[in-house]
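Look at the two complexes coming up: chain A is in both, with chain B in one and chain C in the other.
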Partner chain A sequence: MVSLLMEIGIVLGGPQGAGLETSMHVLARALARRGYGVIADREYYSNITGRHSYIHMLISSIRLPRSVRYPVEILASMDAETVFVHFSDVAENGIIIYDGGQASKSVDDVPSMEGYTKDRVRGVLTKLGVEPTVRSVVSFLEKDRGVTPIEISFASEIRKVVNMFRIDPRQASRYVSGLIVSAVAIVLGLEDKFVRYGFEQQFRERRHLAEQNMALYEILRDSMANLRGIAKLSDPEIGLGKVMLVTGNDMVALAKIVGGLRYQSYYPITPAADESFTIEKYEYSELNGKAVGPVIVMQTEDEIAAMSSAIGAALAGARSATATSGPGFDLMVEGLSWAGANEVPVVITFYQRGGPSTGQPTRGSQSDLMSTVFASHGEFARVVISSGDHMEAFYDTIEAFNIAEKYQVPVIHLLDKFLANTIASVPTPSIEMLRIDRGATSPGGLSYKRFDLSSLVSPRAYLGSENTVMWYSGDEHDEYGHIVEDPEIRVKMYSKRIEKMRIILEETPTEIKMGIYGDRDADYIIIGWGSVKGVALDAVDILSKKLRLCYINIRLLWPFPQKELLDVVRSTPRDRIIAVEHSYGVNIASLIEVTTGIAIDKKVAKFTGRPITLNEMVEAIERIVYRNADRVVLNYGA
Partner chain B sequence: MERRHEYKTSLWVDWCPGCGNFGILTAVIKAFEELGLDPSKTVIVSGIGCSGKIAHFVNVNGVHALHGRAIPFAMGIKLANPNLTVIVHGGDGDLLGIGAGHFVALGRRNIDIVVVMHNNGVYGLTKGQASPTLPLGVKTKALARPNIQQAVNPVLLALSSGFTFVARGYAFNGVHLKELIKMAIKHRGAAFIDVLQPCITFNDVYTAEFYRKVVYELDEDPNWDPIVRKPDEAKEKLLKAIEKGLEWADRIPIGVFYVNEHVPTFEERLNKRAHRYPSTNPANSVIEVGGKPTLSQQEFEELFKEYIITVEK
Partner chain C sequence: MSRKSCIHCMYFKPNVHYPYLGLCVLKNEQGSTVETAEVCENFKEASLGELKRALESQGWLYCITCRKTITDEEELESHVKNHIVVSGVVIDEAISEEAPLGD
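Presenting the complex of A and B:
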C-alpha cells in the first residue's frame, strides 16, 4: 500500500499499563502540530495492568474529525492479543505492525484474553481456515486482504537504545510505547521535527526520555526506510493556526475554572475523577499578578459528602460543583432533593458509564437519562443538560452554573465516558463571548426572607452576609426558612419551586435547548443527544448524496423543550423519525413521548459499552430507510 | 445603648417538656451571648431528629440539613467561607449511625468546626428505637426486646479519628456545658462535645435521675490536665484521655478529655497550597467582572498552554 489519503483510521492496541495512552498523546500532539485533525477514543478494561486496551483514532487533513470508524488503515499492536481481537478491523490494503517476538504466539498463549473472546476468535479463524497464531493471522491478512505486514523485533530494536543510553534492561518495556509511536509516524511519513515535538511535549519534565525515544525513532526510521510514508496523509488544509488537544474531562475542568468554580467535591470514580484531578492542578495560580482561584478541590469520604458539601459551599456563595458517575449519583440523590427543596444552585457533572450496579466501570453508555430526570422523592425544579462534543461541553459547563444561579436550581450536566476520555483536536474556545450570570442576589438585611414569595426566584443572600440571618430546611418551610406544615404555605412554597421550570423553558434560547443540523424538510429526522452528535452528523453527511436527513441534538433534557421539538417534527411522518442512543431502551424516545405525545418507532441502540462508529451508524440508517427495520442494535468493536 | 442581640428565635420550642435538649439550647444561647458571636457570621448546621430543630430555635444562621449529613454540609460552608463560626448539632443516631463516616472524616481533616452531639441513646423522633450509643442488652421502654447491638464509645471514636478537642457535657449541667461550648468554639480545629441528654419520653434507663448520680467533673481532680502543651506530649495525653473515656456505668466523667492545637487545621493545610487562603476564599474571591469571566482570551491560553498546540506551518 502506498497512497495519499485525506483520512486515516488507526488502532493502537496493547496491554493496560504498557504506555498506550502515552503513545496516543505523543502521536496526537505530533499530528496536531503538523496541522492534522485528530480524534481518539480510548477503550480499556477496569484493570491497571495486563488487560487489553486500545486507542481508536481517526486523523484527517481536511477537518477536525468528530467520530471514529471501522475499518482502519493501520493496526499497530504491542502484543498478540491486539492482533487476535483486531485483525478483522484492518482495511483491505491496510497495514499491520506487530512484534516479531510474539509471532509464534497462539490464542492459547494469551492469559489476559477472556475465554469467551478466545472462543469467538478461534471460531472466526476456523471458518477462515486460519491457524490461531499471530503469524498465520498476519499472513492471512497479507494474502487475502492485501495488508502490508510490518514485523519489528521489539526486543532487538529497544536493546539498541538500552545499550546506547546504558539504560537498566529491566526498564526496557518502557520504550514499547515510543516504538509504536515511531513505527506509526514512519508509516505516515511524518517529518522528524513533528515526532520530536510529540516526544518533547509528552516528556517536558523528563527530557532524557524524549531524547531516548527520539533515538529509538531514528533507529527505526533507518531500518524502515522503505516503508516511510506508505500511508501518507495529504497536506493539511484545516487552516487553524492553533488547536487544543483535550479530553472531555479536560474541557469541563477548564471551563469550570474559567466559569468561576470555587468548590469542587468528588469521590474517586471512573470516568469522572480525571476532571477533578485537572482542576486540582490549577486550584490556585497567579497570572501577571492576578489570582486565579482558589478552587477548593475536596476528595470526600463518599458521594453523599461530595453532594452535601457542594451544597454547603453554594449556600456560602461559592460557585460549587461535584463530578461523578452513575453509582455516585445514586448516592447524591437525597442531597439533590434537598438542593431542590432549598433552591440551591449546585452543579453535578455526571459522566455516564455502563450500568446497572458497577456494570462496566470503564465503558460508555447513555443509560442514565431517566435517572437524572426523575431521580429523588418529591417534586421540584431541576435542569438536566447534555453536551454533544468537546466544544459544547466547554460552553455548557459555564451555562450550567449560569442556569443554576439564575434560577436557583440544581443542574445536572449529563456527559458520558466516551466524551470524558476521547481526546480531540478542537478550536480554542472563545473566552470573550462568555457570560457569567449570578442571578438575582440580595445584600440581605435585618428583615431578609430567603424564600420571599413575591417572586418565583427569591433574591439570594449568601450565608455570612452582613446583618443577615437566614434559615434553610429540608422540611417544608416558610419565607424565612423555618419549618412549617400549614397547608396554604405548603402549597405556595411547593408550587413556587416547581413553577420555575416554566420560566426556564420560556427564557432559555432555542440554541441552548437543541441543535438542528441539516434540512428541516428532511426525508428522515434523526434525534439523539450527547455523544451521538459527532457520529450522527458524519452519517448525515455521508448519506446526503442520496437522502435528505436532519439531526436534532437535544441539549436541554429537562425541563424538556417540547414546543421546539414539536415545531420541527410536527409534520414529519412518525415512521420517519429515528432515535439513537447508547442504551438498550433508547430512552430519549420515551422522554419525547411523555412530553410531546409523539411515539418514535424507529430506534438505533448500542449498549456494548463501545461507541457507535460511523460505519455502523450509516448502516443502521440504511437498514431503517431501505429495509424498513424498526430497531437496529449495534455491536461492533472489541 | 445598642440593643443586645436576641439569640433565641420567637418560635415555640416543640420538644417534650423536660427534654434534655432544653438544657443544651440554653447553654448554646448563653455561650453565644457571652462570646458575643455575630449572628450573621455564625451558622448552626443540624441533622435530622429532635436535635435537628435547634437550628430554628437559635437566632443565628441555621441550616437544617439531611439525616447524618450535617458535617459535610458544614464542611462546605466553612471551607467556602472560613470567616464563619460553624457549629454542628446532631443526635447520636445522626452522627454515629447514619453519619459515622463523616464524623471520622472530620477528625482526619481537623477543620475548624464544632460538633455538639445530643446523645440520648435512642432515635426519639421515630419513637424510641435503639441508637448507636445504647449499650448491648439494655431495654428501654419502646424496645420490644433488649438491644442486640453494641454501643460505640463517642469519646474514643472522636479521639481516634483525630478531633483535636474532645469533651463531654451533661444537658442539665448548664453552666458547665456552656463553658465547654465556649472552649470548643474558641478551639482552633475540629472540636467534639458529647452531651449526655436525657430523653424523657423514650429512654427510661439513662434518665436525669440516673445521670445525676453518676456524672462527675474531670476537673474535680486538680491534676487533670488534658491540654497538649508540647507536641511530644500528645501520645501521653491521648492515652490518658482514652483511659478516662472508657469510664462508664458507675461513674461517668464530664469535662475536657483532650486538647491538641499542634495539629495543623485543614484551613492551614489549604494555605500551603493556595497561599492567600483563607483571606482570599471561595466566598469572597471575584469570579466575574461586568458579567464576564476574570480571565481574558490571552490569559486563558497562557494558563492552559499545555493543552494548546500551535500548528507549524
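Presenting the complex of A and C:
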C-alpha cells in the first residue's frame, strides 16, 4: 500500500436508508475540518430504502476537487452487494473494508440486486475465474491486485457498543454508519479530534450518539492499530480557511435567501425538494441582529399551483421562485407562457433528472436543455441560465433574480441532479461583490399603464399599490392590460416582449454568458454546460501535458450568446470542437448549430444517469483526438 | 446456517437491512442486544407450523432472504424451504433521515 497520497478516491456502499448518508456527512465534515478538499457524489435508487446506494468521494490535500474518478483507493462496504458491484472499481494496492459476517454470501443471496446486475457480475467473475462469493472476490483482489482486505465483524463490533451503552436493539443498525466512518478514518490516519468533530457536527442535537459513535471508533481504532494510516493523505495545503460543506441544493437555497427571496413554492420532487426544505429551515434569519425575511415557503398541491402562486407573488412585488424537475416543469409550462405574456419576473429553478416521463427519478441527466429553451406555445422572451459548480450556482441564483426583475421575464435556472446532490467543500461566497437589481419600478397611480409601450421594459408597480389599477390576463392586451385584438397593438405588444431578448444579449456581461478555460489558441475546444464543467476542467488539466485544450462553459443558454461563442471558435477547424453532455443527443451541439451555423460532429455522451467520471472523460477525449472517433458514449459506474 | 440460531427463533425480530442485528422480544425489557451465535434456553424454532400460526394471527410474515412480505400459506411454503422467514422485523425509526426523496 502506498503512503502519503495527495488524493484518495473512496466508495462507501450499502443499502439505501441504512446509514450511508450519515457516513458521508460525518466523514466529509471530519476531512473538511482537517483542511482537505472533499467532493462526494451520491448515487441512490428511487425506491426509498433497501436498494444499493453508494457515495463516490474524492479527497484532496492540494485542491478542492471538481470531479470524481475511478478506480478508487478505498472501497468501504456495508453489505455484500457493494463488494460484488464495486470490486472492479478498487485500484491496485487499494483497500477493501468488508463485513466478515457476509463473507460466505454469494451473488444469489443478495435480494436487492436486479437480475441483470447479477448476471453481469456473474459473467465478469466467471471470466476472471472467481467464485461469486464475497470471500472469493476479496481473495481475488488481494492476490491479483495487491488489495489490502480489512475484515471486520460488524455484528461483534456493534454488539460491544450496544452492550456498553445498553442501546435499544431496534437502534443498533444506526451504528453501522459509525463503524464504516471509523474504519475509513483509521486507514486514512485521521486524528481523533477530527473524527470527533465529524460525529459531533452530525449529531449536534443528540450528543449521546456522538459519544457512542466515538466509543465505537475507539474500539475499532484499538483493534485496527496495525492498519492505522495505511492510506494516509499528505498534510493539507489548500489553506482556504473557512469552507462550507454543501450540496448544490443547499447552495441555491442559501443564495435565494441572500438574494432577497420572499416567496418559494414547490411540489415535492427529486432532486429539487431539498432546496425548498433548506430554505424553510432558514426562513427566519438574522443579519447583524436584524430579522431578514421571512421567506414564505409554500408546498402547493401540484406544480401548476406552484408556478401560478409564484407568479402571483412576483406580481405582488416579492422576489419569487419555484423549484422543480422535468415532470414538474412540464406542468408549469402553461404558467411559463402566462408569465411570458404578462412580463412576470419569476425564477424557475429546474433540476434535471433522467427522463422521459418518470424515467430515472434519482439519477442525473442534462436532457432537458431543449425543453427549457423551447417549451410553451407562442413566442416570448425567456432566459435560461446554467451553473457549472456550487459556486456558480450561488452567484447565478442571484443573477437569475436580477435578470428576471430587470427585464421582467421568466428565468429558468437549469441545474441537474449531479450538482443538486453532490456535496462539496467550497469557499464561503463573497457577499460584498453581490449586486441586487430589482429593475425599473413605479409607484403606480391613477394613470399607470402596466405595459407602457414607451420602453421595452415598462416600470413595474406592484399589485396593491395605492390608487393603482392594472389588469393581467392570458390574452393579448393593451398598455393597461385590457384584452384587445387590434392588429397594430398586437404587433407593438408582441414585439415589445420578444425584443427584450436583444437587450438581454447586449447588456449581459460576457463572463455571465460563458466561461473560457485553458488555452485560447487550443488544438481542441471542448464545449459543455452545467455539471460537465468540473470533470472537463480536470480532464483539460490532465491532458495539458500533451495537448493544448480549451473548455467553454456555456452559462447563458438562452438567448444564446452566438457572437461570443463565434469569437472563440471561428478559426477552429470543425473537427476540433468537441461537445459533451449528459444526454443521448448532446443537444448543446444542436443548439449551437441552430444559433451559429457551426455543426459539431465530435461528441461525448453519457445517459446512464451516472456522472461522467474523470477517467472516462480523459479516455473519451483521447479517442477523439488520437483515434478520430466522432461519438463516444460513456457508461462507467454502478 | 444452523437452524439453531437467533435468526431462526420465533422471538427474534431481525433488522430489515442488517439481519444480524435485531430485537429479542423476550429479552427486550432486560435490554436485549443483537443476534449472538449461541441461543438461549428460550429458543423457539420458527418451524413451518409456528410460522403458519403467526401468519394466521397477524396476516403477514417476512422473507429476510428476498426482502418480501408473505401473505399466504402457499407463498410461505415456497420460501421457507431455503430462505429465512420471520414473523417480524425491526425498522429503525430514524430511517427517514437517511432516505433522500424518491418521487
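In the analysis below, the second predicted complex is superposed on the first by the 633 of 638 C-alpha atoms of A that agree within 3 Å, B and C clash if a C-alpha of one lies under 4 Å from a C-alpha of the other, contacts with A are read in each partner's own complex, and residues count from 1 in each chain.
In this section, a contact is a pair of C-beta atoms (placed from the backbone, for glycine too) under 8 Å apart; a residue touches a chain by one contact, two chains touch by 3 or more.
What you are looking at is a predicted structure, and each value in this text was computed from that prediction instead of being measured.
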Fit or clash - chain C, chain B, common chain A: fit
First (chain B), second (chain C), both or neither touched by A:Val633: neither
Which of chain B and chain C A:Gly481 touches, first, second, both or neither: first
Partner chain(s) touched by A:Val162 [first = chain B, second = chain C, both, neither]: second
Touched partner set for A:Gly317, first chain B, second chain C, both or neither: first
Chain A residues touched - chain C or chain B, whichever exceeds: B
Partner chain(s) touched by A:Gly19 [first = chain B, second = chain C, both, neither]: second
Contacts of A:Ala273 with chain B and chain C, given as first, second, both or neither: second
Distance in angstrom between the closest Cα atoms of chain C and chain B, superposition on A: 17
Common interface residues of chain A - those touching chain B in one complex and chain C in the other: none
Chain A contact footprint on chain B (complex, rising order): 9, 11, 39-41, 43, 45, 48, 53, 55-56, 59-66, 68-69, 71-81, 83-84, 101-102, 104-105, 270, 273-277, 280-283, 285, 287-288, 291-297, 299-304, 306-313
Contacting residues of chain A [partner chain B, same complex]: 29, 32-35, 193-194, 197, 201, 204, 236, 240-246, 250, 254, 257-260, 262-263, 265, 282-285, 287-288, 290-296, 298, 300-302, 304-306, 308-320, 334-335, 338, 398, 425, 428-432, 434-438, 444, 462-475, 481-483
Chain A - residues contacting chain C, complex: 14-22, 42, 44-50, 79, 101, 109, 111-112, 154-155, 158-159, 162-163, 166-167, 169-174, 176, 268-271, 273-274, 361-362, 421
Chain C to chain A touching residues, read off their complex: 15-18, 20-24, 28, 31-36, 65-68, 90, 92-95, 97-103
